[in-house]
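See the structures that follow.
Across the two complexes that follow, subunit A remains constant while its partner is subunit B and subsequently subunit C.
Up next, the complex of A and B:
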């Protein structure tokens, strides 16, 4: 067996005639069960009159999609702005943490772990409910973008740190032997390589950011979900709209994930995320 | 209103809120693990349709935003003949999402074992059941301690979605709303909730690291 065989297949020996028959029977039964499940879902839609064309026909209208796409543009605007802020802030937090300045390093460590251990919704409530009480009024765009960015920056700081750690230690030692300063080593040797390593992880972190933006309706920012809610009250078609919107989100996130996997594969690196790094 | 006043006025609600958050986290994590194991079994089974179904399940629930799933459970399911309580909806949603990530963790734990070990096991005559019981399960459990600790913390953070539906008592994020709508607590309510989340995460992370040190496989 070659090393490329996935573990899924490696678990089983080459099947004999008996096993093959059993697998065939299992395949038949499972197909029937799965089709039954799908049929049950469709039946639930049908008996509750949710397949009625009046709940679906407006999806054939361009105006519906234009409004949804405008919402999607809002989602993308928030996600990218938050992503860029999180990247800059995450990089700064990581640089502060690996610096030789002890107080700065401890402060950045605490901030990183704090942002990682708070739900983005709590941060959104902070900017939506708490900040205005002190007389600071922010536009709804920033009320959703800033907290989402803060929540992501903690995770990204750890991703950057993992990238820095992945650069072989011998290189910075060699640079030190040449008389380069700590700052120069970080800037010229470590960071350029570390940034390359983390690119796939940054892309995959966009999925988390997009997910976090879905509560933009809390601050009434017109993103995809908020615009879908407007359409629901216009067309009185709740079920179909919520399912379509969920599928749009799944498609976007799936595509982003696959893209990051492709990048990781091409670069020969692995994807670092909240799951792979050290717990808080 | 300072932090101490928030405690004297809302102390008992906060206590119930913390306990409720912890309980929901525990239930969702346990449920997510159980369902995740089931899905993983489907994904490594030799039956093709079950594998595909397991893969599709994981892709669906790891890519759907939790709030999108929650609105389907709370608002759409009643139209389809299933009305569930707010708390049931929340728990079901978080469990579905957590199970997909748990299955991903299990799969990478299994993939980390290495084909050579399975071949070696087979060459000394172990049966399929023995291979799974003695080689695959123990090793994949040991390598997934850290990812699962992270998933547990992520579960804690995901229960914050409970603030989007009315719950009594509200969970920690909903408490900020609860306190702010009843007094001028301002930043204090936020600080108390933040400390509860951060404290819980730190303790869970520390426990996870301890456990991982004990069982880690050095490869």
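Up next, the complex of A and C:
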């Protein structure tokens, strides 16, 4: 089962000498352009006096980093909690939607589309401004986590459904022919295979969750973004601070993506062979 | 002809089915007696698979009636599942559960449907795997087996349910030539043990050897039926003559 590993080989022919030369030239041009862009950015920073030590010196202080790391911890806590809730809720929504119970199926379909199409900021305002009016006060952690989770659950329900649809029809037909019921077929045959298929896209969706958490400042929850804003007003250092925070977000999401690629490669090989090692 | 008993194991009465404008099954009447081996043959698109799949309701029908041991096929739910459990089905593409081992494939039905204790299910499964000659592969996953081995496992998986009848939809069509015989051998043995079988196949030697009756389908209709020797040596209809001529080519 090396299908995933050799996907590149299947999609692209191995390059010949001419192609390789063209690739080398292309790479050269890209590097030059990229260096030019970086030089331009640095120049613009310089021209606008953004390289002034005044804007950067506070990064040498531990307290700055401690404050940012606390924010990062907040971001991770929200993203992780919201991710878990979204997965469970997304799975339930998908199961409801594919069930043979017509009203349940329609309800789950509507809820999925609703969560998917509402901007998460709108959901956050709903939990921040509307719900408290009716007497339900939530800590700010939940005011950001719940709406982010709801928005993601709609998307994840669709991801799960794509996985279910990707399981060949013959699998459930064979199970039907054995006399298994719809519920058992879903649990024992379809879901285990569907989950393996969707693991990589599931992890990629966590990137969206992490990005959604950046509006936590709306509810004054101290996440990375909120703490960065506090530092910005303290030191009056907008550009340098946003620059560093952007790098941190890029690093988190890059790591998440790498993790999903790693899982995609593992998915075909070791999960299958692990099943072989424990026959029962 | 096979031994006739009061109630046929499988009976189709005036079965009709459409796919949109396409009339795939036209007034099909067929009854299969206990212990009978029925071979269904016909050109591509004539409705052989569709007929086979209606018998355990993998396809619904528009009108008519299908009875298993005299009981009308239920429409849905637990009753349908229970009746399906009595009719084994072997597919052209094997359809072994890809995430389960060979042994788990065979124990799935007994454990999940018949609620057989695991130990007993496994012992029976190993015995069946021995019978079809793949017991040494029990701990592997389907992707690690050859097509012929996978199809023999699929037969064992069906047999584990102690079915009263078995349906085969072109069980050897997806196999490399050298693997066809190992699968046919298992089916011949089953037929000789008295299993009631409906087999869609173009394997004429198999049909001559074990079939009690050959049913020829074209354009969703049963055009003629006869004993294998009569059918292959003296086809009555022009459609059957043309068809037999066309498959003699290879």
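Criterion: the second predicted complex is superposed on the first by the 228 of 280 C-alpha atoms of A that agree within 3 Å, B and C clash if a C-alpha of one lies under 4 Å from a C-alpha of the other, contacts with A are read in each partner's own complex, and residues count from 1 in each chain.
Note that contacts are C-beta pairs under 8 Å (C-beta built on N, C-alpha and C of every residue); 3 or more make two chains touch, one makes a residue touch a chain.
What you see is a predicted model; the values in this text were computed from it and never measured.
In the superposed model, A:176 makes contact with subunit C only, not with subunit B. In the superposed model, A:165 makes contact with neither subunit B nor subunit C.
Judged by the touch definition given at the top, the superposed model places A:188 against subunit C, while subunit B stays out of reach. Of the two partner chains placed around the shared chain by superposition, subunit B is the only one that A:30 touches, whereas subunit C remains out of contact.
In the superposition on chain A, A:45 contacts subunit B only, with no contact to subunit C.
In the superposition on chain A, A:134 makes contact with subunit B only, not with subunit C. Of the two partner chains placed by the overlay, only subunit C lies in contact with A:196; subunit B stays clear of it.
Comparing subunit C and subunit B on the residues of subunit A they touch gives the larger count to B. In the superposition on the C-alpha atoms of chain A, the part of subunit A touched by subunit B in one complex and by subunit C in the other spans residues 1, 275-276, 279-280.
Partner subunit C is touched in their complex by these residues of subunit A: 1, 168, 170-171, 173-181, 184, 188-189, 192-193, 196, 272, 275-276, 279-280.
The touching residues of subunit C, counted against subunit A in their complex, run 56, 58, 77-78, 81-89, 91, 93, 95-101, 103-104, 108-109, 112-113, 118, 122, 138-141, 143-144, 154, 157-158, 161. Remark: subunit B residues 43-51, 53, 59-60, 63-69, 71-72, 75-76, 79-82, 101, 104-105, 110-111, 113, 115, 118-119, 122, 128, 131-132, 136, 146-147, 149-151, 153-154, 157-158, 160-161, 163-164, 172-173, 176-177, 180, 184, 186-187, 189-190, 193-194, 197-198, 200-202, 204-206, 208-209 touch subunit A in the complex. Within the complex formed with subunit B, the residues of subunit A that make contact are 1, 3, 5-8, 10-13, 15, 19, 23, 26-27, 30-31, 34, 44-45, 47-48, 50, 113-114, 116-122, 125-126, 129-130, 133-134, 207, 210-212, 214-215, 218, 225, 238-239, 242-243, 245-246, 249-250, 253-254, 257, 274-280.
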